[in-house]
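Here the chain labels run A, B, C and D in written order, and each chain numbers its own residues starting at 1.
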Amino acid sequence: MGPKPQLLDSKGRFMLRKSFKPTCLNETIKRIALFRFFRYLPRFPKASVCASCFFYLVVLSSLSSCSQQAREDQINLGGAQSSIPQPIQALIFKSRGEPNISEMIRDSFESFGIADVDRLNQDPTQDYCSKLAENVSAGGSLKKTDQNVVDSALFEKIRIQNQSLISFPRDSIYFGDYKRGESIAQDGRGKTWSDKADQENGGNCYNCHQLSKEELSYGSLGPSLYKYGVLRGVIDLKSFNELTHNSNPSPLVQYTWGVLVNSKAFNVCTVMPRFGVPVGVSHSEPTLKEQQLKDLMSLLLDPRSPVNQ
Amino acid sequence: MQLRFEEMMNTRRNALIKGTALSALLLESLMRAEDSFAYQQSAFDAKTVAELNKSLGLSVPLESSQISLLTPEIAENGAVVQVAATTTLANVRRWIFLVEKNPIPLVAIFNLTEDVLPSITARCKFAQTSDFIAYAQLADGRVYYNKKEVKVTLGGCGG
Amino acid sequence: MQSPVLRSNPPRPKRVALSWAVLIMIWISSLTTLQAQDTLAPNAKSLPAEGSSEKAIAEYRQMLQDENPADLYVLKGKALWDQARGPKQRALSNCDLGLGGGVFKGAWTQLPRYFEDTKSVQDLESRLLSCMQDIQGFNSGELVRSDFSNPERVNLSLLAAYVASESEGLPFKVPLSNAAELEMYRAGKKLFYYRAGTHDFSCSTCHSDDSRRIRLQDLPNLTTQAGAGFAYGSWPAYRLSTGSVWTMQQRLADCFRQQRFPKPIFASHATIALSVYMGVNANGAKAAAPGLKR
Amino acid sequence: MSDPMRIRLQSVAGVTTVKVLMSHEMESGQRRGEDGRIIPIWNIQDVSASWNGKVVMTAEWGGGISKNPFMQFAVKGTKPGDKISITWKDNRGDSRTDEVLVT
């Protein structure tokens, strides 16, 4: 018959499933931590109402996804995992230990153009998130049982590490030209082995996000950013000028800048690249230059930008 | 201008024509008069729809809803876009397929006999979002047209 | 002389009079058309109403699907299969793709698999490469080091398209019957989630969720049978953007390029491991190669 | 040397729909190569379709027809055993003829 409801941890040990409730709560708390930036918001009365609504939504969605997970796990307990046929699954669970892929990676890739094999060496963020994703995929339970993978202390350590890399513009000017921002958002080139080291890289934004209403060819890996500024209260030039001319950048400016520069400071394992900081153990040049980031800020927040029409 | 001329020359298949552009054009129109089946190079050199109409000696095309076009609303790749034209007009002798905003709008000419239905499907390149235009020329020389926009989008990862 | 469909040029003062003339002609011609419509038979066929972008793209693909230019390349691949070629001037007829010499109906749906003679797990392309070396005398090392535009590598893609086409409609049965295949599956899975490079991308960044798209292209969820079946099961495919047939090896190489990774070596273990992962996930789904891709 | 076309026929009540895929680069003459120079046009210019030896349709194509061209048209009054043949000629003087029988 099918395998016992056992799963491997990252070291290849068999793990028994534990109850779901405490870890779900744990997960919820972690999600709340992700949105700690909302603590800035009480300074803005309107925004804080929005923020608290959002906060409850986040908590609710966490709880519902936990119970969803529990349902799925119950199903899994009764039989094989859905995507892998039973006999194969049995084999997988018989095999001991995790395969060591570092040798395979070393033998399978070669440096080409500007893409050096160094890029394959993971930094702590990449290592952590790869393991997390792989284990989550194994039915969701490893995420909860393996303290080496989802250790809230490690999670927080990596997040803070990323946060510390964010630098703010030296001239305290956060905005550029939304038209240039639009072409950076459209541009999906840069950093591949067929690109040049000295070329200006693109932001790839439309690959994953809806931005302007006119561009129909947009991806859905990230949330829609259409009307990003308007929805956050930047409704006219007057409010935009308040944003741009304030010597203390508002939380909205800080947050938007922060996500563009290093998304991993907010959500450690987000699929969004870190555009404004060196990435990986080879510390490559940031993908986007400071001026390009400013142009993207304008694309998102300037009321004249196509994003806010 | 100089470059454009060179491009034009490149597209000429007839190596005999080595004179000035003017004599080349004259010679070619003479050849066309002699043999109506010859490839109409000057039409395939026309850079605008107006130039093309002139080059083919067409009467003013009239829009007709009797021409049905089947084209995709959005093309995820402008290199290959399937277009089809069919009509309830009688005595169609010729279909002329155009992509208005291409550097060379004329894509194809189909000369029909009474043995075939007035329905043609082909695949065209779209350099950018553009109207696809189909002319139906009748036996009496009258020309009707219909058009439909095809949006060409950026696809893939963009790299 | 002027057609009503004439595209307007940037306005110039001396053209104003002409523009008016054209406008009046358009007006007159539209009157004529309207009159004509009244007396004419109803329209032949109503066209689909405006829908979402996804629907429109699906419609675009549907138009091209039935007459896939890949079929032209399958014909070429078939001719190559039977042709005496290479330093040894022999045909590939006896090439063993896992079901015995010269048997290839269904062979592709059981690849990658472990081969005793090469003591390794091979995908379709690497197996064909072995045959080209052993039977025809080609230098496989040289072919591995060359790129996809090398004429013999192009031929390899055509052969792959032909072999795959012979399994059309058959369900995938990629084996996990020995330790080597199992290890490759497990390694492939790890590679699938391996984030690295300047953009922190892994395969799973784009391919582990349902109904995601990049720009307008749907991203198959390769962790599910449906997604892996659709993706793994339709390569080799004709790519409209390049006007050529790509195999899974080439698809993976370009994915890694976009992933900002260094270049995968042709037929390397990592690429085969990923194919084992996708192939096993696809098991049960029906083969649909050669496909048609953007 | 040119590669064979793939011609498929569908006959319904004496009307045969002819679907033709041709193997050709169809270089538009508009693209630039890596050296920045225009890649010369290379395209099928003339196409003709015959039904039992009689020309029923001709076509003139420019560089705007897609690579590996597809064309579909329909012949009226066909019967099983009729021969449909397609010929193309390109601007380099290459040509190709393929034929199929109505079933």
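Quick notes
Basically, a contact is a pair of C-beta atoms (placed from the backbone, for glycine too) under 8 Å apart; a residue touches a chain by one contact, two chains touch by 3 or more.
Computed from a predicted model, the values in this text were never measured in an experiment.
Annotation: 31 Å between the Cα-based centres of subunit B and subunit C. Inter-chain spacing, taken between the CA centroids of subunit B and subunit D, is 16 Å. In this assembly, the C-alpha centroid of subunit A lies 51 Å from the C-alpha centroid of subunit D.
Mean C-alpha position of subunit C lies 24 Å from that of subunit D. Shared contact sites, meaning residues of subunit A that touch two or more other chains, fall at 192, 194, 204, 206-207, 216-217. Shared contact sites, meaning residues of subunit B that touch two or more other chains, fall at 74, 79-82, 123, 151, 153-155, 157-159.
Within subunit C, residues 53, 214-216, 243, 257-258 each touch two or more of the remaining chains.
Taken as a contact graph, the chains fit none of the simple arrangements: neither line, ring, star nor complete graph. Contact between chains, as defined at the top, is found for A-B, A-C, B-C, B-D, C-D. Contacts from subunit A toward subunit B in the complex involve residues 186-190, 192, 194-195, 202, 204, 206-207, 216-217.
The residues of subunit C lying in touch with subunit D in their complex are 67, 69, 71-72, 75-76, 243. Residue ranges of subunit A in contact with subunit C, taken from their complex: 83-85, 87-88, 91-92, 95, 98-99, 101, 104-105, 107-112, 115-117, 119-122, 125-126, 129-131, 133-134, 137, 191-194, 204, 206-208, 216-221, 264, 271, 273-274, 279-280, 284, 287. Within the complex formed with subunit B, the residues of subunit C that make contact are 1-7, 25, 29-30, 32-33, 36-37, 40-41, 43-45, 47, 50-51, 53, 56-57, 59-61, 63-64, 214-217, 240-241, 243, 257-258, 294.
Of all the residues in subunit D, the ones that touch subunit B in their complex are 15, 28-30, 38, 40-41, 45-46, 49, 51, 54-67, 69-77, 91.
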